[in-house]
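Consider the two complexes below, in which chain A is the common component and chain B and chain C are the respective partners.
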Partner chain A sequence: MAVTVLIAVSWILIVLSILVLGAYAVRHYYFGYSRMRLKHPRETNELVGFVMPRVTVFIPMHNEEKVARDILRALVDCDYDWELLEVIPVNDRSSDGTRAIVDEFAGRYPFIKPYHRTEGVGGKPAALEEATELATGDIYLMFDADYVPGRAVLKMLTAPFVDPEIGAVIGRVVPHNIGDSLLSGLLSLERCAGYQSVQQARFNLGFTAQFGGTVGGVRAAALRAVGGWNPESLTEDTDLTFALLLSGWRTAYVNRAECYEEVPRDWAVRRRQLSRWVTGLTECLHNYWHDLVRARFLRREEKTDALFLLAMYLTAPIIVIGWVASLVLFFIPEAHAVPVLPVAMLIIGYLLFSNQATFLEIGVATLLDGTRLRALLMPLSLLNCFANTGAICNALRKFYWNRFWGSGGDGWYKTRRTRLGREGQAFSASAEATAVGAAQQSVKGIYYASNDGMGD
Partner chain B sequence: MALLIFSVLFLAIFYLHFSLAHRAWIAIRGKQSSELDMRYVRMEDYFGQSFRRKLQHWLATLPEATNSTAGLRIYDHGRERIYVAPTAQYPGGRVEKAILVTEGAFACGPNCDFRNELMVKGDGDIGEGTALQAIAADGALQLGEAVTVRRWVDAAGKLTIGADTAIHSRATSRTAIEFLPGAYAQSLFAPEIVTEGRNDESIELSAGRRALVQIPHRAGQTARAQNGFDPAKLFSMGGGTYFYEGNLDVTASLHLRAPLVVRGHFSCGKESLLEADVKARGHITIGAASVVKGNLVADGNLLLKPDVYFQSLLHAGGEMRLSFGVRGLRERLPVAAHATRALTLESNVVINGKVSSAHRVIAISTPMAWLQSNKAKAWTQ
Partner chain C sequence: MPLTRARVGIALGFAFVVFVLLAYFSVPLMAFHSSVADMLLRWAGIPNAGWDPVAIFPGLEPGSGPLVPIPTFAQVSEGARFALILGIVALLLVAGRFSLFRNLANFLIVLLVVSAVVNVFFDTFQLQSKVFGQIWLRQELLVWLLMPFVSLLLFLLPQPNLSEGLGWMALVQVYGFCFSVLRFVFCVGMLHYTGLLFMPLLWFALGTLSDLLILLFFYSISVYRTSGQLWGIRRSWQSQF
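Take a look at the complex of A and B:
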């Protein structure tokens, strides 16, 4: 009797996991196919430089002395009109040399207005919440301290705000330390698929892109309309995406607004980063699923996509459940009584169909990017897949345990910077040298090429 | 022994699955990504300026060929040949494969074919039916009728694009562009872009003075359904922005005072005043003689009826048409209009800035008879 129940439960779990993962696979195929056949992405690139609102750039910083100089140099060198620009480095209780670096830049460039935070709740959302009160821009842009924006990124990120429906915008993150470790190489593939393929496809299909909290921005009026940042959330960016969506605002994706980032090079850092994302996104799922389902003005496809996005980390335990159920059936002789061929065909069919979906997205993205050498790393993504599954399951276990017992979560964890002693020389060797020229061009607005500093 | 052989074979076959990945990893290890151009900035006249700089560099560094004369300097750049002359005048029907540089004026007769770029440091005059690769001029440049430019055109002085001329990339000028009927390009950018039949005398700005519909309605006033506007379909998104559920076809003059997102088509009557941005998920049609101060974004087509004056940015996911008498001008920055599909400019249109299309920007002549009837119709709507 017990064996029969076990077999029945295992079958139910396998079918359930196949259905859920199959649905996700269909979604991945759809995005990949849509991205490939796209002739004219939904974009505002032709309006870059013509949309020039007053902008405030926030750089949340906590012990960022290794990277602070790079991002400040890069922002000084941007081609945005300095009269319309305000940069607020949010120095959140740093104990290293971050404050000195920020103050040095503030002394040289009047549009850099540091906010030094010495007390209060830790974490990026809380720091942003306080700093936002000082901002004077119509658009708030955000960069993490380890990011290095290119010269045109600010103009590219402000262009989508020509559309009054756009409440937030997200640019593309490109890992620069791809060769630091195998993990960073594999994460570069993951990022590539996530932005070039998924974000662009979702935006083109009329779904809201996911605001990532860095290399992005939000309309000040929209932020106020949804009550500001959520300091309780570990992923204030995702929280904001859905708060905006429920109020009628969209998030735009700008593929050309690319910015280098540093991805984790070892698993301890990656696991913690993933744990924060899992906790934050799953928290958003619990906070918003009800409102999303009931939202009067969202189309059915938009609701479905939003729920798929918020529930994506739940697929990890579902995969594990499917594996365990398969093992149970494999080792129970009584379970072998079912017709083997149709079942085997079903499972093999599913495996062939489903397991390739995410690889298809990576393939599409690397094809569009022209990074063929990196695409060859794809089989090794299996390692990443197994490791991610374990880390996600562990994070979810902790999340639901804490939720059940009403105890606090892990809290904010800052991703450790490495930058391996290069001190950003690769990015900004000539940045300040051209800063004055850039500013002169910016005041005029770069519509016509000048005699120097040109690129296309 | 058998177990050992099996294990080795198994491991070898297993490794084969990852061998390419392993080799790729060896190639990547220790390297940094360099795929982004951190110095990139967007400039409308990039092609022309880039060509000028390259040419300047070549002429400064390349040795003159031995067959150069006082009147014609010749340089060899790889398989390309560069001719530098004080001035040049080509008779009709000539085919030229070299890159041409003239220190002064340049002119050519009809049906010539220039297979490489031209750099004209004076004024340029291109005969009808001529085909060009690309041309940069430091003076004024006149492209005759039915000229074909395979790539770009850039002029420091006034650029005249003759009737039925085709430019397959950007056309830019630092002074003005005159864009005659039947001509098309992918984008135009200049302080002033003008189509045929310019007439500034007919412009009267009276938009908003007699607005019958206010969105949002003024405090203290009761909004009621009228002239195609149903207040029950208007919702606040917060932040002073509103959305309207369904189509909004306002048949009277509209005064829009806050950003509006229309989840359907949007149209407004003549002499409307739009002081804020409008987004429509369908088409947008702006009534004649309206004043548009906010940006207009349509997922579908966008039509500005005659004599609309806009001081903002226009973006259409479909086609765009700027009718007779449309003016685009704002104080601090140039205006811009972009359509994913064709962007059509009728006669007497003046834009201070940029018009572009992922397909083509085309100028058409507005026949007077059609104009009269259409204008009469538009004004009586």
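Take a look at the complex of A and C:
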């Protein structure tokens, strides 16, 4: 009797996990093929340079001496009108040389207005919340300190705001340290699929793109309308995406607004980054799912996509449950009885089709980008999947444990930057230059330097 | 990459034709699988008393399973038990040293430990090679049947050149079949020499995960080849829509 129940429960768990993961796979294929059709209903690229609102650029910084100079130099070299530009490096209690670097730039360029924070709640959302009170722009753009914005990126990010429905905009993150380690190479594939395939597909299909505070912007009025940044959230950008969506604002994605990022090169850093994302996104799921389901002005597809996005990390424990149930069935001879063809077809079909779905997105993104050699890393992405699954399950366990017992949970963790001896080199060619093209050359410099091993 | 309705229709038609052909010739295909496996078993010196017919799926049968003696845990050699311990230690070392491999290694360790526990405490648990062959064929037959549709999505549609896409489709199908025979013979050999000690691990690593890896391997090469032809090489300041 007990064995029969165990077999039945295992089968139910397997079928349920197949259905859930299969639904995600369908979504991946839909996005992948949508990108391959190359249809773009919304296009604001023609407006780049014609839309020049007053802009405030925030750069949250915490011990960023290795990277601060690069991003400030890149922003100085941007082709945005300095009269309409305000850069606020938000120095959040740094204990290294960040303050000196920021002050040095502020002394030379009047539009750089540093905000040095010495006390208060830690973390990016809280720091942004305080710094926003000083901002005078109509549009707030923000970049992580390790990012290197391209020369025209400010114009590209502001162009979509010509549409009054657009409340926020996100640019594309391109890793520049691909050759640092196997992990950074694999993460570059992940980023490539996440932006080139998924974000662009969601935007093209009329779903809301996921706002990212790493390379993005928000309309000041929209931010005020939703009550500002949520300092409680570990992923304030995702929180803002859904706060805006539920208030009727859209988020635009600009694939051409590329910004060059340093992805984690070792697993310890990656695990903590992932843990923060899991906690933040799952928190958003709990905060917003009810309002999303009830929102009358959102289409059913939009709601479904938003819920899929917010529940994305819950797929990891579902995968593990499926594995455990399969293992149980393997050791029960009674379970080896002939399964009916449709069930067997479902299982094998799932294993073949669903597992390939995310790789299709990577493949499509690679095709669109033309990054040839990187495609060969794809089979190794399976390692990343295993590693991610474990880390996500662990983060979810902590999240629900803390939620159940009402404890505080993980605090803000800043992703460690290394830049591996390249600090300052990115802009060495244009150390004192504001000449047209200098920044672009420098950005190309680090991009190709990091790609040497990949041959791209 | 013009993904037109005509293109989708033609590709779907090809996939369906291959599927129907495979289903129609499934019995001779399985027989061929068994005869190649038999040849390899003999070549490897693994004793096989013959092949018994086994039920696969209604309408797609019979297949056949080998009659290879498989020892119980009590009959397994000391060397096999030592190999199990050695395997666990090696995986522990990998888990400790390579953080990216840690979760995979930990999962494989769990499989080995569970296998050892089941073997020690439930000595009566037995898996006949014929039944193993039956499970294997059920799985692989479905993989062969579904592979054309996977190829449709991964190789036929994304390829700008339809004939090249068909070439990839054929290559994956043939390679999948040949690789299945090799894996099957290896697993039967392991069953013969080590009983069920390594079976869950082998089933996980050499079962559908292997099929997945083959697909992924070929897909990455096809993307690599197509990428340069189709869109040109990426420049950092340039992002094609």
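Criterion: the second predicted complex is superposed on the first by the 420 of 456 C-alpha atoms of A that agree within 3 Å, B and C clash if a C-alpha of one lies under 4 Å from a C-alpha of the other, contacts with A are read in each partner's own complex, and residues count from 1 in each chain.
Everything that follows uses one rule, which is that a contact is a pair of C-beta atoms (placed from the backbone, for glycine too) under 8 Å apart; a residue touches a chain by one contact, two chains touch by 3 or more.
Just so you know, these numbers come straight off a predicted model, no measurement behind them.
A.B. asks: Just to be sure I read the superposition right, which of the two partners does A:E258 touch: chain B = first, chain C = second, or both, or neither?
C.D. replies: So A:E258 meets both chain B and chain C here.
A.B. asks: Considering only the touch criterion stated at the top, classify A:D369 as touching first (chain B), second (chain C), both, or neither.
C.D. replies: In the superposed model, A:D369 contacts both chain B and chain C.
A.B. asks: With the two structures laid over each other on chain A, which partner does A:M378 touch: chain B (first), chain C (second), both, or neither?
C.D. replies: Touch partners of A:M378: chain B and chain C.
A.B. asks: According to the stated criteria, A:I178 is in contact with first (chain B), second (chain C), both, or neither; which is it?
C.D. replies: first
A.B. asks: If you stack the two complexes on chain A, which partner ends up touching A:A8: first (chain B), second (chain C), both, or neither?
C.D. replies: It touches nothing on chain B or chain C.
A.B. asks: Considering only touches as defined above, state whether A:D163 meets chain B (first), chain C (second), both or neither.
C.D. replies: Only chain B; A:D163 stays clear of chain C.
A.B. asks: Touching A:S188, do we find chain B (first), chain C (second), both, or neither?
C.D. replies: Only chain B is touched by A:S188; chain C is not.
A.B. asks: Which partner does A:A100 contact after superposing on A: first (chain B), second (chain C), both, neither?
C.D. replies: In the superposition, A:A100 touches no partner, neither chain B nor chain C.
A.B. asks: Just to be sure I read the superposition right, which of the two partners does A:L134 touch: chain B = first, chain C = second, or both, or neither?
C.D. replies: Neither partner.
A.B. asks: Which chain A residues contact chain B in one complex and chain C in the other?
C.D. replies: 40, 150, 174, 182, 258, 260, 369, 371, 373, 376-379, 447-448, 456
A.B. asks: Spell out the part of chain A that touches chain C in their complex, as residue ranges.
C.D. replies: The touching residues are 29, 33, 36-38, 40, 150, 172, 174, 182-183, 196, 200, 255-256, 258, 260, 266-268, 323, 327, 330-331, 333, 336, 338-339, 341, 344-345, 348-349, 351-353, 355-356, 359-360, 363-364, 366-373, 375-379, 381-384, 386-387, 389-391, 440, 443-444, 447-448, 456.
A.B. asks: Enumerate the contact residues on chain B facing chain A in the complex.
C.D. replies: 17-18, 20-21, 23-25, 27-33, 35-50, 53, 172, 174, 187, 189, 235, 237-241, 243, 245, 259-261, 263, 276-279, 294-295, 297, 313, 315, 317, 333-336, 338, 340, 353-354, 356, 358
A.B. asks: Sort out for me which residues of chain A touch chain B in the complex.
C.D. replies: Of all residues in chain A, those touching chain B are 40, 42, 44-52, 74, 79, 148, 150-152, 155-156, 162-165, 174-180, 182, 185, 188, 219-226, 247-249, 258-260, 297, 369, 371, 373-374, 376-380, 426-427, 445-449, 451, 453-456.
A.B. asks: Can you check the complex and tell me which residues of chain C touch chain A?
C.D. replies: Residue positions touching the partner: 1, 3, 55, 57-58, 60, 99-104, 106-107, 111, 114, 118, 125-127, 131, 135, 138-139, 142-143, 146-147, 149-150, 153-154, 157-158, 200, 203, 208, 211-213, 215-217, 219-221, 223-224, 226-228, 230-237, 239-241.
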